[in-house]
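Next up: some structures, all given as structure tokens.
The same chain A turns up in both complexes below, where it pairs with chain B and then with chain C.
Moving on, here comes the complex of A and B:
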């Protein structure tokens, strides 16, 4: 009886180990190998592992650590280093189809959840827009534009906010001094500040800081939209993009000229999409060279709610 | 015989003068009440800052749509008023204007104390003041903040030198005339007098050094306020995105600085009983200076507000209307009328160019100047390019909180504390320069 149990247990462990090995071998062979140093004595059982360079190597099975690929514990320095470098060869781009947005706000929810934000803090904010008195109102999701001519990173006195090689503008809350010059400089109001104790500090959330997720959030520092850099590293779409129920978001790599719809999973040519639909960027006259494109709110598939219309009118009257 | 007599008279007159100027340094009537007031202000500040350090900037009324508020307005105000040191000592001094002689030290004391506090105010505004050294470890040259810190530091140092150098001959004069001075104090005077004996060689060196520093401080002073204006002008926001912000700020700085000097002159004249040295003549002259700088400021105000108001470009229109007739109108017109218009009009009348009325006008001008900095900093942020939505209603307005006001008043208290200390350990009027102007022999001055 007890033997049987043990057998079962052993076999499960073996199964788990081998599945970890497969994952490890395909994705992070090199990283695993480097963590071998100082491991226990060899068992004699050899396993084939593929390194990042594509070389097949044999190592002792006991020297493999069973780790889940997702959560390899990188220390702060490694996370900071890869976060500041970015992903080579990529140039991320987002396309937002305003005809599809019906103000479901799933993107806002997913984003706030992922980045541990308070209800009033938005990395992405769905705005109700009306350009002129008689023009049609529409909903407009507004993330960070990840500008190529960045007003925010220019003014940062300590290089706490910076633009990486793949075009993403990040914030390093390990270095930010909280001067809020970037908030003043951003014409899109894309940045939020942690004015008081953050949710992470309140809940005692103490993971290693990941610059690509900007979590844990820290009091006295800035937070902003990161194009979900942590998800991109795992070849996944940003939180907001994949949570949209209405097909509003396209996201992809400008170098590949391909963007994928977060709802349908359909992949199309970026250049064709923006060409055919007459895409534009927000306030191009400011010269920020945005990397977020909008498809006009033409042939909208939803009505602008009457309630929102009233609100919009009231606001317009108030501001005139 | 007559030569001897006149020499004796000169000696007497110099003695009286030195006595008059030195006496208030050891006469502490009313000082206790004043120090107690400062102590209260600083204690309140300490408590408020403790709260802010513990709970974060959330204890202020700041939020994501007004992320710069009172503190930054206060910073701009301090930098502005500090510029008066350069205006009086350098611009007027180098032009050979004589009436500034008894005022120059007061101007330098204001410059030093205000510039020092300006630097501190920035630290109180930081979300992470514990990381202030990151500016040195990770400083980036393309950030206007780094330029600002650099030039404010240089300005403070040069202003200190411009305060200390003309003190050298005075140190020699006062150390014999302060019977109640402690040994420590006398030692300090001895060190600061740098072995001054009044030789022609020493006179040559001191005049030359003051001259060189006076020339140096002009570009630095222009730089500190121009760079401060660029903290705003380098952004793309309505109301800040202006090409004349540099000269506009500098011209406004002279108004608040001259007003600050007038207030200090009045306070020292009455409390230190210096009526014979800070005379009606000097008040009349500096009143005319205030009219002049206010006129220049008026010119820049017209450019800054009427040109956009003529065009009513979208975005700018909301900003202009909010200032002229909207929610900011009261503060805006208070700042424009008392901080600019009133000094020009009233001080044209000879009756108004007397110490009493000038004290009132200058106080209103200072309040107007502070309000103006607030008007420059805050309304622009509440009128962003994109609408303010999906945030609490309180994000549509900015209401400073108690701790925020306490910290702001605290910084003013700090500046006044520094002025008080400087005015107690140093004579507020340069004795040797005033004596020299009266034609008293150098030999007598350096006896």
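Moving on, here comes the complex of A and C:
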């Protein structure tokens, strides 16, 4: 309770401060404008102005005009429209080389930072895997598989989660009613639910909702891996892919038959990479047609950490 | 007073732990491994081989050698051109490259022995006072690299075999001559980077290099793809490149995968069979309920009459 009171206090102070600043800005702005107006009728003296390039130039005061600044940001409708349509001609694909992963978890950090997730919420999660008692353990990053035959979008009663033409499965917070049917339908546990107040709501982050970033997050709605749709629009690699220090991720356009490594920037043919390394997808028997491929953890360049090994053993003992 | 004692104890613990972790960071190499000498003779060839491997496997953390632009990791990867590296024996570098530790991968599973030595030969070319150890570690300086300036590429296309022959020419002493020993890369532009068509080709004594382009790579709807031919060693020759759009690829006709009716579609794109079977099931259930209710009403009516 006392916390709440304090919050209120600071926010009031902030409000007062900001309103004062705004007032000051309006006054100075008005002053400037009126001075320009005055100059228009007046002598035509030279005024020093800085251009957008940072050059200082002199302009005749008569020529000065107030510029109306348009908002660069798109409004909600435009963001929703382009988010629903996707990028024509593309079919995004990810290849994860398990031999390169050493559980550095930089992908998770970058992802959680970009999508304003809490530490326990994962769009991508690095799991510790051991197929059988005597097989070698390995680390396995697991994002959304962006299936071509999606179990999740079929069950959504309000068309909040959907598949776009470039293969990405997105979630629309504006429509989501929080029924969590998709969580139950997804065989890869790729979806997270905002059970409690989100970071955006706590921090008062009120930007326009971008469906391709799923920010701001909203309590009572689903969040999931988006293949960084906002980055792909800018021809940049996803957050996780480009933040990996160990060359684990390849990402590209299947229609171009090319994938690029996020760490080294090397580009190879997708079909060759898949073919040469015996790539596989997770749970192919479900017919989900996953768009995330795994290269087996053969010839690993990092050993599985001893500490994690002990944890795995302990877990295995418990499960017997 | 008590607080002061506590504080100084805490400080002592922190200092001690830092010094301990500092000693833990020293990477000890077994003395017998230190003495190992290179298994290959360092030459221009091994240096270029090492350079290519370095760009692929090392650069992402260690940065460009000599520029100290390595990643700010803990422990720091450091610049292989620095004294930290030049002070080590060939055996030490080879051991660390082979076994790895912490963030440094164990390259024994990814690179062959000779490839690892090639990387060391490339790193050693940055160490000015490097004295080759053992029999094999001599850097043979070959003057094969072309030293001319104002390099130009002349491109000749073979439409039938999808082959491109290029002639590299440069200025030596004011005369234009063909440039031998220049490494040329052949690439195709893709969404996030350049796809190499083949390993870099070194020009022959007439300054000619050749590469075959793939005919089965998807291009646009007309089979067009952009090719880029450029000199690999841009630190020697500057950025020399040639770009062109060729229709040598496979035509790719894009079909919107979500157009039409799909199971994952929304209300407007439901498959017809699903819509019909759904509606008929609902109708069947409703009609059945209606029929049952009707029968019950009839039953009631019949009961009242009697």
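Keep this in mind: the second predicted complex is superposed on the first by the 248 of 320 C-alpha atoms of A that agree within 3 Å, B and C clash if a C-alpha of one lies under 4 Å from a C-alpha of the other, contacts with A are read in each partner's own complex, and residues count from 1 in each chain.
The criterion applied here is as follows: a residue touches a chain if its C-beta (ideal position, glycine included) is under 8 Å from a C-beta of that chain, and two chains touch if they have at least 3 such contacts.
Just so we're clear, the structure is a prediction, and the values are computed from it rather than from any experiment.
Q: Using the superposition on chain A, tell me whether chain B and chain C clash or fit.
A: With chain A aligned, chain B runs into chain C, so clash.
Q: So, A:129: does it touch chain B (first), chain C (second), both, or neither?
A: The first partner, chain B, only.
Q: Once the shared chain is lined up, is A:159 touching chain B (first), chain C (second), both, or neither of them?
A: A:159: touches chain B and chain C.
Q: In the superposed arrangement, does A:175 touch chain B (first), chain C (second), both or neither?
A: first
Q: Looking at the overlay, does A:192 come into contact with chain B only (first), chain C only (second), both, or neither?
A: Once the two structures are laid over each other on A, A:192 reaches chain B alone.
Q: Is A:104 contacted by the first partner chain B, the second partner chain C, both or neither?
A: second
Q: Identify the residues of chain A that lie in both the chain B contact region and the chain C contact region.
A: 154, 159
Q: Quick one: in the complex, what on chain B touches chain A?
A: 55-60, 62-65, 67-68, 122, 125-129, 131-132, 134-135, 137-140, 142-146, 149, 231-232, 234-237, 318, 321, 381, 384-392, 395
Q: Please name which positions on chain A make contact with chain C in the complex.
A: Spelled out, the residues of chain A in touch with chain C are 88-91, 99-100, 102, 104, 148-150, 153-154, 159, 162-165, 167, 235, 237, 245-247, 251-253, 255-258, 260, 263-269, 299-303.
Q: Hey, which residues of chain A end up touching chain B in the complex?
A: Interface residues on chain A, with respect to chain B: 108, 120-122, 125-129, 142, 151, 154-160, 175-181, 183-185, 187-189, 191-197, 219-221, 283, 286, 288, 315, 319-320.
Q: Within the complex, which stretch of chain C touches chain A?
A: Touching chain A: residues 55-57, 59-61, 71, 73, 100, 103, 105-107, 109-110, 190-196, 217-218, 252, 254, 256-259, 263-264, 266-267 of chain C.
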